[in-house]
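Both complexes below contain subunit A, partnered by subunit B and then by subunit C.
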Partner chain A sequence: MKVRTSQYRQIAAREMADAHTRRFLRLLPVRLAQRRQAAFADYVNPAAAIRSGAAIRAKSLENLPSLLETFEQNALASGAKVFWARDADQANRYIIDTAKENGVSVVAKGKSMISEEAGLNEALSEAGIETWETDLGEFITQLLERPPFHIVGPAINIPVERISDIFLEKGVIDSPESDPVRLGLSARRFLRNRFRRAGMGITGVNMAVAETGTLINVENEGNIRFCKSAPRIQVSVMSLEKVVKTTREALELLRLLCRSSTGQLMSAYVSMDCGPKKEGETDGPEQLHIVILDNGRSRIYKDPVTRNALQCIRCGACLNACPVYGQIGGYPYGWAYSGPMGQVVSPLLLGLSATRDLFKSCTLCGTCRDICPAGVDHPKLMLHYRSRDVAADPLLHGSGSSLFEKTMVAAYVKAASHPVLWEAAGRGLRSALNLRAKDGVIKGAPGVFKNWFQSRDLPEGPSRSFRSLWDDDPEGQGDDHAR
Partner chain B sequence: MPGNARDTILSSLRRAPPGKVPDDPPAERVIDSSGLVDAFCTRFTAQTGIVHRVGSEREANAFLPEILKEHGIRRAISAPGLPGGPDIRPQTDFSGRRDFTEAIFNDADAGLTAADFGVAESGTIILSFNRDHARLISLAPEIHIAVLSAARIVPTFEDALSQSRYIDHPPSHLVFVTGPSMTADIQGRPFKGMHGPRKLILILTE
Partner chain C sequence: MKAVSLFIPCIVDQWLPSIGMAAADLLRRIGCRPYFRRQQTCCGQVLYNSGHTNAARKLARRFIVIFEADELIVSPSASCVHMVKSHYPVLFADDPFWRRRAESLGARVFELSEFMVDHMGATDVGARFEGFVAFHESCSHLRGLGLSDQPKALLDGVSGLTRVSMEGPDICCGFGGRFSVDYPEISTAMAADKAERFAVSGADVLILGEPGCLLQIGGYVNRHYPGRRVVHLAAFLAENAEGFRRSPGRKEGVG
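So, the complex of A and B:
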């Protein structure tokens, strides 16, 4: 997938003017947030439930190397093959080689953020392997070549006319169709044929259980089950932080994941694999390949502060809670991960200098952190990125601050630590700005202030500052001043 | 080389300094005061699952033709050991994977399987797969009919997955099914039967 994180502002401006985006942002996040809250009602204490999820994730990460080893041992014992990949290239190459060795020409894929991160679809297509996304929303975004709008509904904002057009163009339907259900069912018929022909099914992994070597996938449509049942080869791509120690922990997290994501007590299908199909079994994969992908995560893991971002379980609840996502939708985040999830994950994977607008566009309201079932502290991470960016951190690819920013901050520090200077600067600024006031409101100013006024107005400043009023009447006797 | 990648990744992870780990206990959930079977049925039907409660396995066999008729099922494929009939072909009838796959994708209106357990906390049925139970039976046809004994309904997922049948012989594949296949990916309009079954029917024997 093409990374567009540096076009955040342009895409956000475009999206805020888009009627379809606006319509879905009024509906989807609100509805999902309500359903989430209702689904948490069967916890005696929903806040404690969230804390327990955070504890499981933190503990799993703390023991990550040993859990990965145990997982590998048990997965191998169950008959699976395990491949470790340092980066996306290694993972993609292994999957393509496996496909070629086995004469696979058609691949069916389940929705998987890690494979979008790795650009697996593009790599497979370049290698001449026909690759089909099979989750309905992901199928539509693949045909339209767009990033996901929302992790739960990747194409939920696309108007039916646009879907009908692209389905006609790609031969999914024969005549225009405006009914969402009939469009969905035509995709069902089209993709069924792909499931039958596919020699390989590729899925992501929601959780991996160390003590049993089990892989877990969560879905509602059944396409992941097809990917694991019909083809002769299954490839499960997991980013290395997905492992938990026990089945019990996995079940606790599953409850939190399904409630947080779609407000369900359990998603329609949760499927678990322990090795390839056993001898005598009619269907299921003859080979199960597990690709454990690092792609920068072992570097993120080294610092306990950034390690926190690896606790994310990709439920998407933070998107629905975020006031910024609620205005701009998923496209401006420019990659596989959107919303607060994207704001904490993408900067670590792509580097701070390529993602500055992502971590700077946060209001630090903290709603995402408060509802996160995995204990990610988004605001803390974003403040960390801001400071590491200014400090030009070489590991995180911080870009440092511009000469202008440095000068302004130095000037501010000077003024703020000298009362006389502060008073003078305040007086000067106030009278300069007040010259632009009309009917008590300042609507704009040139130069360095221009951007500030882009989406805000400022009330006209008073003739005297608070400090000078205070000096005149420190006891607060004059009522008109106190008011 | 893969061996290298593995060792590099693991040793890099091992060199990282420790962090802080909170130790919160698993969260308590509200205990359902209605009976186990009723609680299960309420949640199962909330997902549009259809439950037929019958007295015995024999009664289930006798009832099956009625269900087939009611839902317009002309041809079904079943996992072995389940009630048969003229319209129901057992999985063992097929000579190989290719035959079976062809039939389950194209010829079957319904798939008939047993369920291992019912889970009351979410109205879920658990299916596990083996040589007598192919994965696609409960997935490819438009209707999935499952048979479950009420004695196999347990309160939680932990109660089911801690059973020795799963611990001693882990199945290659296991699925929690909570309602039929569904999506709302186009314009947020929900519908059932996106890829998997449109209808989920449970015959519950007492």
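So, the complex of A and C:
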């Protein structure tokens, strides 16, 4: 998937001007947030459930190296093959080689963020392997060549007419269709034929259980289960932070995941699979390949601050809660991960210099952190990225700040360190801006203030500051307690 | 009489002094004796939020030295209190000497409504207001410090006042400091949503406890909904309290 994180501003401006996107953004996040809340009401103590989920994720990460080893042993024992990929290229090459060795020319895929991150679809196409996304939304975005708009509903913002057009163009339907249900049925028929020909199924992994070597997927369409059971060869791609120790912990996280992402108590399908088809079994793949992808995560893991970002379970609740996402939607985030989830994950995987808008375009309102069932502290991470960016951190590819910014900051610190200078600077600023005041209101000013006045007024600056008024106040005087 | 050290946000000191004077007035009304440490300037929040950690650390050390001897420190801004309480310890995570001082100080810093209601048990300051009022839950109050009941209790203590509900009172107004000028279109869209929710709430006045939100929502409302008022809680309570005298040095304008 092409990385467009540096076009955040342009894409955001385009999306905010799009009436359809705006209408849609007023509905979906709100509706999903309501559903989530209703589903959480099912818990005796929702806050405790969230704390427990966060604790499981934190503990799993703490023991990640040993959990991964245990998982590998148990997966191997169940007959699966395990491949450790350092980066996306290694993962893609392994999957392509496996396909070629087994004469696979058609691949059926289940929705998987990690494969978007790795650019697996593009790699497969380049290798001449026909690849079909089988999640309806992901299928539509694949045909439209668009990134996912929302992690739960990748194409949920696409109007029915647009879907009809692209289905016609790609031969999914023969005549225009305006009924969404019929469109869905057509896609189903079309994909069913692809499934028949698919020699390989590729899916992501929601959770991997160390003590049993089990791979867990949740979904609502049944296509992931199909991908995992029908084709001869099955490939499960997982980022290395997905592993938890016990089935009990996995189930607890599943309950949180389904409530958080779609407001369901449990998704329509939950697949738990151990290894390939055993002797005497009728269902399942002949080969199961588990690709464990690092792609920079070991480095992220080493730093106790950034490690927190790996606690994310990709539920998408933060998208629905984020007031910025609610204005711009998923495209401006420019990659597989959007919303606050993308804002904390993408900078670590792509580097700070390529993702500056992601960690800067945030008011630090904290709604995402409060709603997160996995204990991710998004504001803290974004503050960390800002700080590492200013410090030009070489590990995270920080770019440092401009000479202008450095000068301004130095001047600010200087003024703030001397109350007399501070007062003089404040008075100077008030006088300068007040030249533009009319009837007690300033409606415009140039330079650094210009953007403010695009839509907002400012009250005229007072003739005197608080400290100056305080000196004159009969009740205020002599109260300094100065040492 | 409890002596209370005023922690006046830089934006209040230099641009919205009536909020600071109102805070002092309210503290006196509930039996405290406010005093002001003249060495104070800025807590460093604006630097910290924009990644200038070293610069923020300098101002944080300065702040700690100035306020360290005070028993009770009160501010009419939750974001500034949040900075001292929650972010100073992060700033000094690798520096036990300053971290201990920051944590010890943080335990004595309170947001104004929190101090009035939780520590002084005061919800009635003798204010009277005939009208409908909506309340905006600032991010730093609600999610930063966990304050929501306290400011509402103070509003409910105003005789004649009817508090009306507004849709999404807890949704961010889009200020975010530098965010408001770095991403003006997104920030504006957020302010517009907030202003619209206020406009349809049926309230005459929107009350909030955060100077940043006041500039953002007040600035937007002043331009697009003339006649409607957005007021800081401290200023609102003081202005409508018995025997209030307006401080000099401020003309009437936005907010």
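In this text, the second predicted complex is superposed on the first by the 462 of 483 C-alpha atoms of A that agree within 3 Å, B and C clash if a C-alpha of one lies under 4 Å from a C-alpha of the other, contacts with A are read in each partner's own complex, and residues count from 1 in each chain.
Following the convention adopted for this analysis, a residue touches a chain if its C-beta (ideal position, glycine included) is under 8 Å from a C-beta of that chain, and two chains touch if they have at least 3 such contacts.
Because the structure is a prediction, the values reported are computed rather than measured.
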item	value
Three-chain arrangement built on subunit A, subunit B and subunit C clash or fit	fit
Subunit B versus subunit C as contact partner of A:Arg259, first or second or both or neither	neither
Partner chain in contact with A:Arg36 - subunit B first, subunit C second, else both or neither	neither
Subunit B versus subunit C as contact partner of A:His289, first or second or both or neither	neither
First, second, both or neither for A:Lys245, with subunit B first and subunit C second	neither
Touching partner for A:Arg314 - first (subunit B), second (subunit C), both, neither	neither
First (subunit B), second (subunit C), both or neither touched by A:Arg467	second
Touching partner for A:Lys111 - first (subunit B), second (subunit C), both, neither	neither
Greater subunit A contact set [subunit C / subunit B]	B
Partner chain in contact with A:Ile163 - subunit B first, subunit C second, else both or neither	first
After the two structures are overlaid on chain A, angle v-u-w for subunit B, subunit A, subunit C in degrees (C-alpha centres, nearest 10)	120
Minimum Cα separation, subunit C to subunit B, after superposition on A (Å)	14
Doubly contacted subunit A residues - partners subunit C and subunit B	none
Subunit C contact footprint on subunit A (complex, rising order)	9, 12-13, 16, 323-324, 327-328, 360-367, 369-370, 380, 383, 385-391, 401, 409-410, 412-413, 415-417, 419, 422, 426, 429-430, 437, 439-441, 443, 448-449, 451-452, 454-470, 472-473, 475-476, 479-483
Subunit A-touching residues of subunit B, taken from the complex the two chains share	2, 5-6, 8-10, 12-30, 43, 47, 91, 94, 97, 100-101, 105, 121-124, 129-131, 134-136, 139-140, 157-158, 161, 170-189, 191, 193-197
Parts of subunit C lying in touch with subunit A, wherever the complex brings them together	3, 5, 8, 10, 12-18, 20-21, 24, 28, 33-42, 44, 46-55, 58-59, 62, 69-70, 87, 90, 139, 143-144, 170-172, 174-192, 215-216, 218-220, 222-224, 247-255
Subunit A residues within the subunit B interface of the complex	24, 27-28, 31, 41-45, 48-49, 51-52, 54-55, 58-59, 61-62, 64-65, 68-69, 78, 83-86, 90, 94, 134-137, 140, 153-156, 158-160, 163, 180-181, 183-185, 188, 191-192, 195-196, 212, 214, 220-223, 225-226, 228-230, 240, 247-248, 251-252, 254, 264-284, 292, 294, 298-299, 301-304, 307-308, 375
